[in-house]
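There are two complexes below, and they share subunit A, which is joined by subunit B in the first and by subunit C in the second.
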Partner chain A sequence: MIFNLINRKIFTLLKVQYSNMLEYRVEIALWAISGIIPFFMLNIWTNNNLNESINISDIMLSRYFLCAFFVRQFSVVWVVFSFEEDSLMGKVSPYLIQPLNPFFRYFAQHLAEQITRFPFALIIAFFFFIFNPESLWIPNLGILLLSIVSTFLSFLIQFLIQSIVACLCFWTEKASSIERLLFIPTLFLSGLLAPVVSFPAYVKSWIYLTPFPYLIDFPANLLSGNETNISGGLIMQILWIFLLFPLFKKIWSAGTKKYTAMGS
Partner chain B sequence: MNLRKYLKVYKKFLHTSLASELEYKTNILVDLITAILSLVGSIFLLSIFFQNNGYIGGWKFEQALIIQAIYTILNGITNTWFNPNLTEIVKHIREGTLDFVLLKPIDSQFFISLKKINPSGFLEIMLGFFLLIFCIRINQINLNLSFLSQSLITISCSICILYSLWFFISTTTIWFVKTWNAIEVLRSFLYIGRFPLNSFSFSLRVFFSIIIPIAFITTIPSEVFLGLSQLWKILLEVIVASVFLITSRKFWLFALKFYTSASS
Partner chain C sequence: MVQNIIDVRNLSKSFDISSKEPGLKGTIKHFFRRQTKSLKVIKDISFEIKEGEIVGFLGANGAGKTTILKMLCGLIYPSEGSILVSGYIPFRRKENFLKNITLIMGQKQQLIWDLPPIESFYLNASIYDLDKFEAKKRIKKLSEMLEIDEELFIPVRKLSLGQRMKSELLAALIHEPNILFLDEPTLGLDINAQRNLRKFLQKYNKETNATICLTSHYMKDITSLCKRVICVHEGAISYDGKLDLLLKKLSPVKEILIVCRSEEDAIKLEKSGFTVKNKIKNEITIKIENNSITSSLKTILNNFDIEDLFINEPPIDEVIGKVLIKKDYDI
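After this line comes the complex of A and B, so read on.
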């Protein structure tokens, strides 16, 4: 009974947000285009033969960056920006009265956006294969499913981290600048610009203990068929989620007590 | 034209926007850390590229650092002036408050391009200058008058091109209302300005020098610093910058004819 109710809630939320997102198709297409940085990086790598030193062939590297593009497309999170605006405008107040954590709303928003984004990402991949026909490959079904799972887990980790930052809005007005700060290590250490294998040894020794390589490098390696520790990666992803979730719950309950309903 | 009036107005702009931005002092500190981290991150990325190669696109590591320095300065300028003002245009047009700007007895482009200022960008500009001075030392560049004037000319041309690109996209808001995402696309393209143009493949090089002249923005000033630039390149940059400035001005005046105001 309860399960059924939750199910219905989620379904309705998703449906509403999906139709909302479809309104902004052009914008989402532009978002998708703005994620093409990995392709520029690929161009630098292969054009200067930098990949020879890390023993990855041109084809594997181009697959890696294509997968990094895909993983990034489906793990983009912006909850802190939405929440900050809603919180400053006092829109959070009506959400708080509802018998549903407002973050479910944002969560559904992100999922709906990903569904809308999917065709555009496919179009970009199509163009990628036109220019690089030799890197076309079909991953087997098991790997594909596993990488979808790990991309989703990566999305969850980022969603949780950003939600924790978003909750800081209860204490300070501009939590988004903290998010911009956190984005920098995410950008450089997650493997979006260079695969983690290519990092110097003094970084590789500690980076696998942080959540960053599991955000893009691990799912992208998995999907592209590059060498990676599948079970270890998945375990680390789940471990981080189990670590972050209680933290989010704690900061959320502390924050709502602090809430002063600005602007209303 | 009454330059004195504009100077006086600009002083007032500076005063009001600094006063409002300094309300968020911790924010400025966070932004400073973000700027430092992002510079460290890009030098880290550059060092990965160079770890087994002496040259990339014909540039040594010490030389490529100059590009980073110039990129950091230009990015600081973008964050100080272009970003806060030109995102405001989107708001003006969506809410119809552009009416009030147009009614003022002052040039509308001047008003919307310089109204706001974000002081945390200054720190980034300073950071870039420190790196630049460091680069001048390690590359043993002789400072003389012709070198200084050449570098001043090319950097100011880069600023003009950058401004025109931003202003161009913001102007399209008059037709499309929401161009926030187009700005993101521009941002991701600008990202390649961190690397020497020669490190990209031929087709990308053509794209980034003819269609979106990002090549002119960082590579030509850096070549001037290294004394590699020929006179025709500098002249070309001056021409491109003036063409861009004039067209962006014309485009703004043209677009204003289509402005129909909103919600009034």
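After this line comes the complex of A and C, so read on.
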């Protein structure tokens, strides 16, 4: 019963946010295109034969970066910026007195954006295979499903991390500047610029204890067929979600007590 | 007996405010060592509101009216004291409490800007667990009451301010709340839109017996909707009672312009003992206390040859303006 109600709320939120996102289809196409950083990195890696040092073939590397592009497309999160703007403009106030946590709105907004983004990402992948026909492969269904789950878990981790940072808006108006601190480790340690396997062994052992490699590196390796510890990766993703969710709830509860409803 | 739906006891609210001296020196000092002080914006206030009442909160800018409303609806946490609204502690934001209330802030919107209002209505309906059939029924009823129809299907960004405000109201009332918190709902609306909104609120109150707490700088909103007002001055209540009593207290006399048949009659009237404000030829303006209007007019009509007379009420804005700058009104 409760799940039905929540599902209905989420479904309606998704429907409405999807309609809203379709109003911005050009922007979404541009955002999708702006996410092609893994392809630049692929170019740098292959032109400098850097992959030889980590024993990954050119084909596997190009698949990795294509998958990194896909994972990034479906796990990109900007909730801290939305919440900060809404908070400063006083838009959070009406949401706070509705029987639904405002973060569900942002969650639905992100999911709707991902659905809108999907065809554009497919078109970019299509062109990628036109220029790199040797990289074309079809992952088996089991791996594909696990990769979708893992990408979704990666999205959840990023959404929770950013939501925690967003809640700092209750104490400081500019929580997005704190998010900037997370941007650098996310960029370097997530696998967006280089597969984590390319890091020195002693650094790697530390990196795997953070949530960053589970954001892009793990799902991208999984989908591209590179060697990876599937169960270990999925367990770590779930563990991070279990760790971050109560932290979010706690900081949300403390933050709303500090809320001053400024701008409204 | 009508029940109290809102019960506020010794409520206070303080905010931490940081201050900065002007100039470069002040900026550098502010960067290294912020000075914050606690500012008490609501000071130990108590009041009750009965079910179905429409209460106006009056006060100058920064007096604390909106802060009170925000605490009543659970948006902000009180520093001291207690609040019970419909049996709930607002700040706990229990689902049943939230389903019972709504907050409407003039010029602040919850509608999705790029979509027609109808999409936001259905979204709100699902947030408040209304099924599609019930939502449709309520949208129809409220849109008839608010006299909006085609606007429901036009993107919000293309609606006029008045149309948008009506849509905001519909979105905020779709769950049929028992308690409405309205913070300057007519802000920026033209005269007709203001009147329509007031008419709608009266009708809503009559049909649903909803309790309405309202702040407004437009006195017409207060006089046409509220029998009771709570005046807030620097965070404290300076008056809580009937609006007409307050008006009588604040303006105990009325000005009466009397047009006499001849100037001689006007001179005679001038010398008859009434307080005269001015006299121009055969027109004379006198001041009469509210409680002796009937007897005084009877005397004037019986003893003088009068062509016409006009009773002037003092402008309500001017009268209420006095409340906003004074600390106490004992009636």
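Criterion: the second predicted complex is superposed on the first by the 264 of 264 C-alpha atoms of A that agree within 3 Å, B and C clash if a C-alpha of one lies under 4 Å from a C-alpha of the other, contacts with A are read in each partner's own complex, and residues count from 1 in each chain.
By definition in this document, contacts are C-beta pairs under 8 Å (C-beta built on N, C-alpha and C of every residue); 3 or more make two chains touch, one makes a residue touch a chain.
None of the values given here were measured: they were computed from a predicted structure.
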Quiz item: When the two structures are overlaid on chain A, which partner does A:155 contact: first (subunit B), second (subunit C), both, or neither?
Solution: neither
Quiz prompt | Partner chain(s) touched by A:70 [first = subunit B, second = subunit C, both, neither] | solution = neither
Quiz item: Comparing subunit C with subunit B, which touches more residues belonging to subunit A?
Solution: B
Practice problem: Answer with first, second, both or neither: which of subunit B and subunit C does A:19 touch in the superposed model? | Solution: second
Quiz item: Regarding the shared-chain residue A:107, is it in contact with subunit B (first), subunit C (second), both, or neither?
Solution: neither
Exercise. Considering only the touch criterion stated at the top, classify A:170 as touching first (subunit B), second (subunit C), both, or neither.
Key: neither
Quiz item: Which subunit A residues contact subunit B in one complex and subunit C in the other?
Solution: 24
Self-check item: In the complex, subunit A residues that touch subunit B
Solution: 24, 26-27, 30-31, 33-37, 40, 43-44, 47-50, 52-53, 172-174, 177-178, 180-181, 184-185, 187-188, 193-194, 198-200, 203
Practice problem: Write out the stretch or stretches of subunit B touching subunit A in their complex. | Solution: 24, 26-27, 30-31, 33-34, 37-38, 41-42, 44-45, 47-49, 51-53, 56-57, 176, 178, 180-182, 184-185, 187-188, 191-192, 195, 199-201, 204
Practice problem: Report the residues of subunit C in contact with subunit A in the complex, numbered from low to high. | Solution: 15, 70, 73-77, 91, 93, 95, 98-99, 101-103, 105, 108-110, 112, 114-115, 119-120, 122-124, 126-129, 172
Quiz item: For subunit A, which residues are in contact with subunit C within the complex?
Solution: 5, 8-9, 11-13, 16, 19-20, 23-24, 90-91, 93-100, 256-261, 264
